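Shared chain: chain A. Partners: chain B in the first complex, chain C in the second.
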Partner chain A sequence: MEPVIETQGLKHVYIDADNNQVTALDGIGMQIQPGEFVAVIGANGSGKSTLARHFNALLLPTEGSVKVHGLDTLDENNLWRIRQDTGMVFQNPDNQIVAAIVEEDVAFGPENIGVPTEELKKRVEDALRAVDMLDYREHAPHLLSGGQKQRVAIAGTLALGSKCIVLDEPTAMLDPKGRKEILNTMKKLNREQHITVVYITHFMTEALLADRVIVMSKGKIEFQGTPKEVFSRVDELEKLGLEAPLAAKVAFELRKSGAKLPPGIITNEELAAALA
Partner chain B sequence: MSIKLEHVSYVYMPGTPYEKEALKDVSLEINKGEFVAVIGHTGSGKSTLVQNLNGLLRPSKGTASLDGTDLSGKTKEAKQARGRIGMVFQYPEHQLFAETVYEDIAFGPRNLGLNNDETDARVKEAMKFVGLDFETYAQRSPFSLSGGQMRRVAIAGVVAMNPDYLILDEPSAGLDPGSRRAVFAEIMTLYKKRGIAIIMVTHSMEDAAKYAKRLLVINKGQIILDGRPGEIFLKEKNRLLEVGMDVPEVYKLADALRAKGLRLPHEITDAKLLLAEVKRRKGLK
Partner chain C sequence: MLDITLGQYYPGNSFIHRLDPRTKILSTLLLIIAVFLANTAVGYAALCAMVLFIILISGLPFMLVLKSVKPLLFIIVLTLVLHVVMGQGEHVLYQWKFIRVTEEGLRLGVQMAMRLILLLMISSILTFTTSPIVLTDGIEALLSPFRVIGVPAHELAMMMTIALRFIPTLMEETDRIIKAQTARGADFSGGNLLVRAKNMLPILVPLFISAFRRADDLAVAMEARCYRGGEGRTRMHQLAYRSGDVMAFVFAFAMIGLLAFLRWGPKLV
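Moving on to the complex of A and B:
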């Protein structure tokens, strides 16, 4: 199958406010397959957000290439297609809402690309149902909670027909309940609608639920693998300014003290079972 | 020395269809030297509460005072009292504005009426406090720094005003675990060395458990729980879940271990304690 996203030798160089040349991405080669749920973790400044912005052509490669559904982001003729196929959700829910009523906000994208009224209605309804916000269709977005606002933003990408959603720290500003809502919504969309998910986060407990975790550092992919593979590398994560989930850290320390534990313990339940 | 709220209510947009009572008859005293975490879901009234604590908002009913001086007054004393309560907003890096790190941090002290020498001393001290080397960073543009560094500049700007009370709104939001630890190391130094009070609004149960000595849980404009974090996380789990909060991971892990029959003492408040107990139970050194 054709990858949803494919980068080859992707470099991104920019000039900062002090006139220094900064290499934010330094030779990234990666593929994301249809239906995958990929988490991207990395310290602040490691290049995660820059990478995400290449996935729907908000940024363009200095060197190398990015293909989205096989379309090169450097070809201007592809931009509309790419941005419909890959939706983005950002950190701050208040910066992404454009309308005064929830359903109008969700309709904004598809309306702009000329979706006919009847279909538009259906798309908006389906999208709001998918994120469990249909009851709020006539509400004012600014009165919603952070988690609800982010779900409206997700619905906006669905209504546009996105098959892939890239979320850049979507839960950084949310309370614990809001965080759960977003994660559950994305898991459900991934499972039931086979939406490809690229999920950037600083919360390791969220990355635990991905199919694959990519660890970034200084503009490069440091290592990647299943959550079990990645989060077992407790020491290395720490050195990168990251943190393994608590259960993995405790298992790591127990092994150092001579405990015989099976490899790949990353959740509380796995640790409890191993110690029982 | 303390900040006191007495029967404070706060209503947004009174007399309009959007009228909303964000605080309902809240009484609270925070003493100098306390480290208080404030948690509650979006819209629970946390931000309204802390803005009443530093005089940014004026109570609709009741009074907010610092050592007996009403914070909402227009007198010189009231102004000075407000100046003793510093506030670092959410995402403070978005509020940096000057051309150099130096100028950004110097803005507050200058506004307090300090002369150049005094301001200079304050800036140097504040930068040292937040771990930014003066020679390296003072003349750089704040906008060329990383997110974590920018946040430190913003915190330095408030620290330079020598507040007795420091309010932090979500100081760790959006930071990676390493930068989070660094920012908190600085906050803890400030707290311990200067003996000031820290009042921290947070969505992170981990940070609340790790750093605060007192926890306030806000729901629907009222303080529903007020006590030691260890005790609240242990005894009020269900109540916390009910109001959209959570307990820190270490409590969940301890519960999971107990469920599998591992006997653990009642109060496991941090990972070190948990690890030591598991080792003891399993006869590991």
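Moving on to the complex of A and C:
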């Protein structure tokens, strides 16, 4: 099957305020397959947000290429197709809601691409139902919780017809309840509607639920694999400034002091079972 | 928490509330013309009756609409007093030194005051019965024919939409900043104008920084959602004229006709 997102030798150089070149991405080659749930982790400044913006053609490669559903982001004719196919959800829940009424905001994307009124209404309703926000369709966004606002943002991408959603630290500003809401919503969309998910996060517990975890450092992919593979490499993660989940760390320390534990312990349940 | 209601929308489901916003904006303009046509006691009486009638079917509390006069009350009283005490004309009713009350002055003063009061009440009925969001749609639709002569109808409407969306957020933020600064011992009360303005700086600076940051984020988010200006955009809520709108227009034109007749038509008595 054709990958949803494919990058080859992707390099991105920013020119900062003092005219210095900042290499934010340095040769990224990766593929994301349809229906995958991929988590991207990495320390601050490792290039996660820059990478995410390439998936939506908000940034264009300095070198190398990005293909979204087979379409090259460098070709301007592909721009609107790409932005429909890959939706973006950003970190700050307030700063991505455009309209003063929930359903008007969800309609913003499809309105931009000229979806006819009747279909638009259906899309908005379906999208709000999918994120469980239909009851709030006529509410003012500023009265919603952070988690609810982010779900409205997710609905906005669904209404646009996105088959792939890229979320850039969507839970960073939310409370634990909101975090759970967003993760559950994305798991459900991934499971039931086969939405491909690229989920950037600095919460390792969220990355545990992904099919694949990509670890970034200094603009490069450091290593990747299943959550089990990635989070078992406790010391390597630590060197990159990332903290493995507590269970993985405990198992790691126990093993170091000679305990015989099976490999791949990353959740509390697995740790408890191994110690029982 | 701050309870922020934007504008002065008074939610309801009356005949007036349900009118198309374009109808309401245009009818308001027509009725304003009617007010300027009035020059007889009968004319003003007709206009007052009309305003009362509209308030009645809109389900708005009368006092609420009357209160919309308050911001300009001073000017209204001043207009009235000036016209009365500095009266022109020959039918002098009372004179003391430079104070001269004439029949003409009295009439003109009352007329001007009535005009202002009616204008305020009529336009406030528009904003009481139309949510700012719907009002924005109406303004955009009414302005869009003038795009050919360079009126940025869509851009204006988009600006209003974003303002409506972000004013509550920025107000919450201001509230938060004030509380934080007060907790650190800042004092926002007292002092002369200059001192007070200086005291506002610790609020304004973080507020502006955050507002620019929000604008930046929002621009990126809008672009990510395929925003490219008004060209080729559709709307979820299409505006549509219904039979009620026709009635409203007929009513507004009838008022203009009536007032024009009272002004220029054959005298009845």
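Following the convention adopted for this analysis, the second predicted complex is superposed on the first by the 276 of 276 C-alpha atoms of A that agree within 3 Å, B and C clash if a C-alpha of one lies under 4 Å from a C-alpha of the other, contacts with A are read in each partner's own complex, and residues count from 1 in each chain.
Keep in mind that, in the parts below, a residue touches a chain if its C-beta (ideal position, glycine included) is under 8 Å from a C-beta of that chain, and two chains touch if they have at least 3 such contacts.
The structure presented is a predicted model; accordingly, all values stated were derived computationally and were not measured.
Chemist: Will chain C clash with chain B on chain A after the two structures are superposed, or do they fit?
Modeler: With chain A as the common anchor, chain B and chain C collide in the superposed model.
Chemist: After the superposition on A, what does A:E6 contact: first (chain B), second (chain C), both or neither?
Modeler: In the superposed model, A:E6 contacts neither chain B nor chain C.
Chemist: With both complexes superposed on chain A, which partner does A:E206 reach: first (chain B), second (chain C), both or neither?
Modeler: The answer is neither, since A:E206 touches no partner chain.
Chemist: Once the shared chain is lined up, is A:D94 touching chain B (first), chain C (second), both, or neither of them?
Modeler: second
Chemist: Quick check for you: in the superposed arrangement, does A:E36 touch first (chain B), second (chain C), both or neither?
Modeler: Touch partners of A:E36: none, neither chain B nor chain C.
Chemist: I'd like to know which partner A:E104 touches here: chain B for first, chain C for second, both or neither.
Modeler: second
Chemist: Does the superposition put A:D168 against chain B (first), chain C (second), both, or neither?
Modeler: In the superposition, A:D168 touches no partner, neither chain B nor chain C.
Chemist: With the two structures laid over each other on chain A, which partner does A:I113 touch: chain B (first), chain C (second), both, or neither?
Modeler: second
Chemist: I'd like to know which partner A:E222 touches here: chain B for first, chain C for second, both or neither.
Modeler: So A:E222 meets neither chain B nor chain C here.
Chemist: Superposing the two structures on chain A, identify the stretch of chain C from 56-64, 128-136 or 182-190 that clashes with chain B.
Modeler: 182-190
Chemist: Report the residues of chain A in contact with chain B in the complex, numbered from low to high.
Modeler: Per the touch definition, chain A meets chain B at residues 16-18, 20, 42-46, 91, 145-147, 169, 172-179, 202, 204-205, 240-243, 245-247, 249-250, 253-254, 257-259, 268-269, 271-273, 275-276.
Chemist: What part of chain C is in contact with chain A in the complex they form?
Modeler: For this pair, the touching residues of chain C are 4, 6, 132-133, 161-162, 164-165, 168-169, 172, 213-214, 217-218, 220-228, 232-238.
Chemist: For the complex, which residues does chain B have touching chain A?
Modeler: It is residues 40-43, 90, 140-141, 143-144, 146-148, 170, 173-179, 203, 205, 244-246, 249-250, 252-253, 255-257, 259-262, 271, 274-275, 278-279, 282, 284-285 of chain B that touch chain A.
Chemist: How about chain A: which of its residues touch chain C in the complex?
Modeler: 53, 56, 58, 80, 83-84, 87-88, 90, 92, 94-101, 103-104, 107-117, 120-121, 124, 140-142, 156-157, 160
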